[in-house]
Amino acid sequence: MRSLQSNGKPKITAKNFNLFYGDFQALKEINVDIPEHSITSIIGPSGCGKSTFLRSINRMNELIPCVKTTGKIFLDANDIFTQDVVELRKQVGMVFQRPNPFPKSIFDNVAYGPRAHGLKNKAVLEEIVEKSLTDAALWDEVKDNLHKSGLALSGGQQQRLCIARALAVEPQVILMDEPASALDPIATLKIEELIQNLKKEYTIVIVTHNMQQAARASDHTMVFNMNPDRSGYIIEYGKTSQIFTNPHEKITEDYISGRFG
Amino acid sequence: MNQSLTDQEKKILAREKASRKSNIQRRRISQNIAFTFLWLIGLAAIAILVWIIGYVFTKGLSTVNLEFLTTRPAGGFDGEGGISTTIVTTVYLVIFTLSIAAPLGIGAAIYFVEYANEAQNRSKFIQWLVRIARTGVEVLAGVPSIIFGLFGFAVFVSYMKLGFSLLSAGLSGACLVLPVIIRTTEEALLAVPESYREGSLGLGATKWQTVIGVVLPTAIPGIVTGIVLSVGRIISETAVFWVTLGGSYRLPQNLMSSGRTLALHVYMLATETRAFDKALGTSAILIMIIMILNLAINLSSKYFQKRLSGK
Amino acid sequence: MPRETLDSKLTQIQNEIYLLGSMVEQAILDATNTLKTRDLKEAKRIFEEDTVINEKRFALENAIIILLATQQPFARDLRLLAAMLLVVNELERMADYAKGIAKINIKIGKSDIDIPVRDFQKMAEQSVSMLHRSLSAFIEQNPNQAAAIPQEDDIVDELYTKIYHATIQYAITNPSYMDQANDILWIAHNLERFADRVTNICERTIFITTGELMEMSSNDDETDLSDF
């Protein structure tokens, strides 16, 4: 695999990272640098381990009992596996494929993270909620209804609520697993715009099946592929502009131009 | 298109069409028969129910009045007096039983659903324990209540020398409803979408914060249903309390007092007195309470549904 | 194969480009030929038929844009469609040179001047041969074949220089000939530019296959003064 030539300093680094579900190896020898303050998209055929890799970065995979890993992942220069997992997830937030607001009010949804981390001051909470919702481009739509249930919002609004909820914790990295796959084109574009604005303060990694979305919304693109034994690896990683106009690998070419298999 | 067909083919086509038509008719007829049959069965079930309730109410309600509700039973061969103390005893017993069974049951369910998997991975011994506990709950849920009664009598009444008392009865009752509470709570917890837990953990909340902050609140409707079901179970139970609560119709003074619940009272009136009308009256009250409880389940689950979905 | 629609549409457009190329080839050969026959009617026909080529070019451009919008091509498909867009533009401009020659031919009319017909025909034949092969290379996406063509441009350039010097020389000694000399230089210039544009097609072929955008000839623009 060609490694990425990037001027940005790496925020996340994987070194010889392998992941197993029981006996099945889902990720094989992942070596990668993800630069700070940029948007990195992960693309690749279904089942090649994109979500698995994403969920490794905030150790979400540990919720699955049979998962074992070897190798290392670093956040800045710190090994994430020796860090306290709660502390890690505070720094590495996650937005899921399906919007999953809690069955609580909009306010309580956004305030959930800060409260969990011990913040009680009502005024400060209100400030955080407003800032997060504003950053997630949702404030104007919900500011008069903060006590309405998060579940009463539309799908696109729910997803932005989930983004706001993640922002409220003030993470450094935001992982997104197909965040727009359940949304209409307008909501999708809104979220893409939003991601562009967020990259000034955050490092964003986004899994997507939508080539156009990866091409439009990301600075770097990481292409996963599957070995014959179905383990996933990174076949190519580079500037999005290069991957989508002139990929180096034939497999990447076939995949992005829809001629895979 | 039809021109290109030979006569032979046309015939086959016609036959095919005809058979399809008759097939549809046949299917329609069998569906109608089935529906009629199901209707009849349903009607029969409802008729029997209405008959029982109607019988109890028509015969029983005539003895029910304010005096019946507010005077204490006086005992005797004629079943003198009202049912005031048995109502109070029933309430005491429900509260006491649940204050033991609810925390235990909900706690156990939380452990089974939220923690057992993780713990099992850490040690074979815990895995073994959890499996035994799970099987135990399954078995207990199917055991006839008189067995709980015998157990309560043997352990609490005799061995622990607690005698016929609210304490013995409450502990035995707790054993009786524990499986109900554990199973309904487990189901309610399992019904909480995994995505809520992931969402909460992903925000850097601890496991415990996740359970308290997101999982339990979402599962409350199911848990409440389980508890209300247990209340019904305690109210309508006779066998267990017959051998643990004694049967005194006096008002219990403390946990060591013997007592008599409504259901027990019905049983005693029916078997030991001639006051069959009073037994029916008490039954009517019992049935009314059970109906109100059911109504409460319905209303509360509707209310929670509304609150959770935010509509 | 999952992208049958796109592939069949691409083939269709490639065939059309081939056809457009043939029309352009025919136009330049005919225009040069009428210099010899002095058939002004024919020249007029060539002048007017340029609109057919223009229309075909717009139709192709439209088809390409529709594919870009509806099929959202990436990588090689994207490069191919972008290159096609440029190539049809090049072909249309090349047809304009044929039109220009026909126009000059009509302007010369019946006046009696000495046209270096043989050299013009050599230039035209060489250019058409280059165009023909460059289009084959483009359609077959053969970078090696494409890479070999631009150097043949030298043959055309040499003929151009030869005509240029001869015409200037003659005009200096016969100032009354200046007007005609100007016409002849324009014809030569048109043929020379025609050949230059073949190089652009070859560049696109290499772009499609390798993704590299590179200049293949150093003397293909009008700012080149080495001959003066």
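Every chain is named by a letter (A, B and C) in the order it is written, and numbering of its residues begins at 1.
Quick note on the criterion: contacts are C-beta pairs under 8 Å (C-beta built on N, C-alpha and C of every residue); 3 or more make two chains touch, one makes a residue touch a chain.
Since the structure is predicted, the reported quantities are computational estimates derived from the model, not experimental observations.
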item: Geometric centre: closest chain by C-alpha means; value: A
item: By count of C-beta pairs in contact, the leading pair of chains; value: A-B
item: Distance from chain C to chain A - Cα centre to Cα centre, in angstrom; value: 51
item: Between chain A and chain B, centroid-to-centroid distance (C-alpha), Å; value: 45
item: Whole-Å gap between the CA centroids of chain B and chain C; value: 89
item: Chain A - residues contacting chain C, complex; value: 211-212, 215, 244-247, 252-253, 256-261
item: Chain B-touching residues of chain A, taken from the complex the two chains share; value: 58, 60, 63, 65, 86-90, 93-94, 96, 98, 100-104, 112-113, 116-117, 148-152, 162, 165-166, 169
item: Of chain C, residues touching chain A in the complex; value: 1-3, 6, 72-79, 211
item: Chain A partner contacts - residues on chain B that touch it in the complex; value: 117-118, 121, 193, 195-206, 209, 213-214, 217-218, 307-311
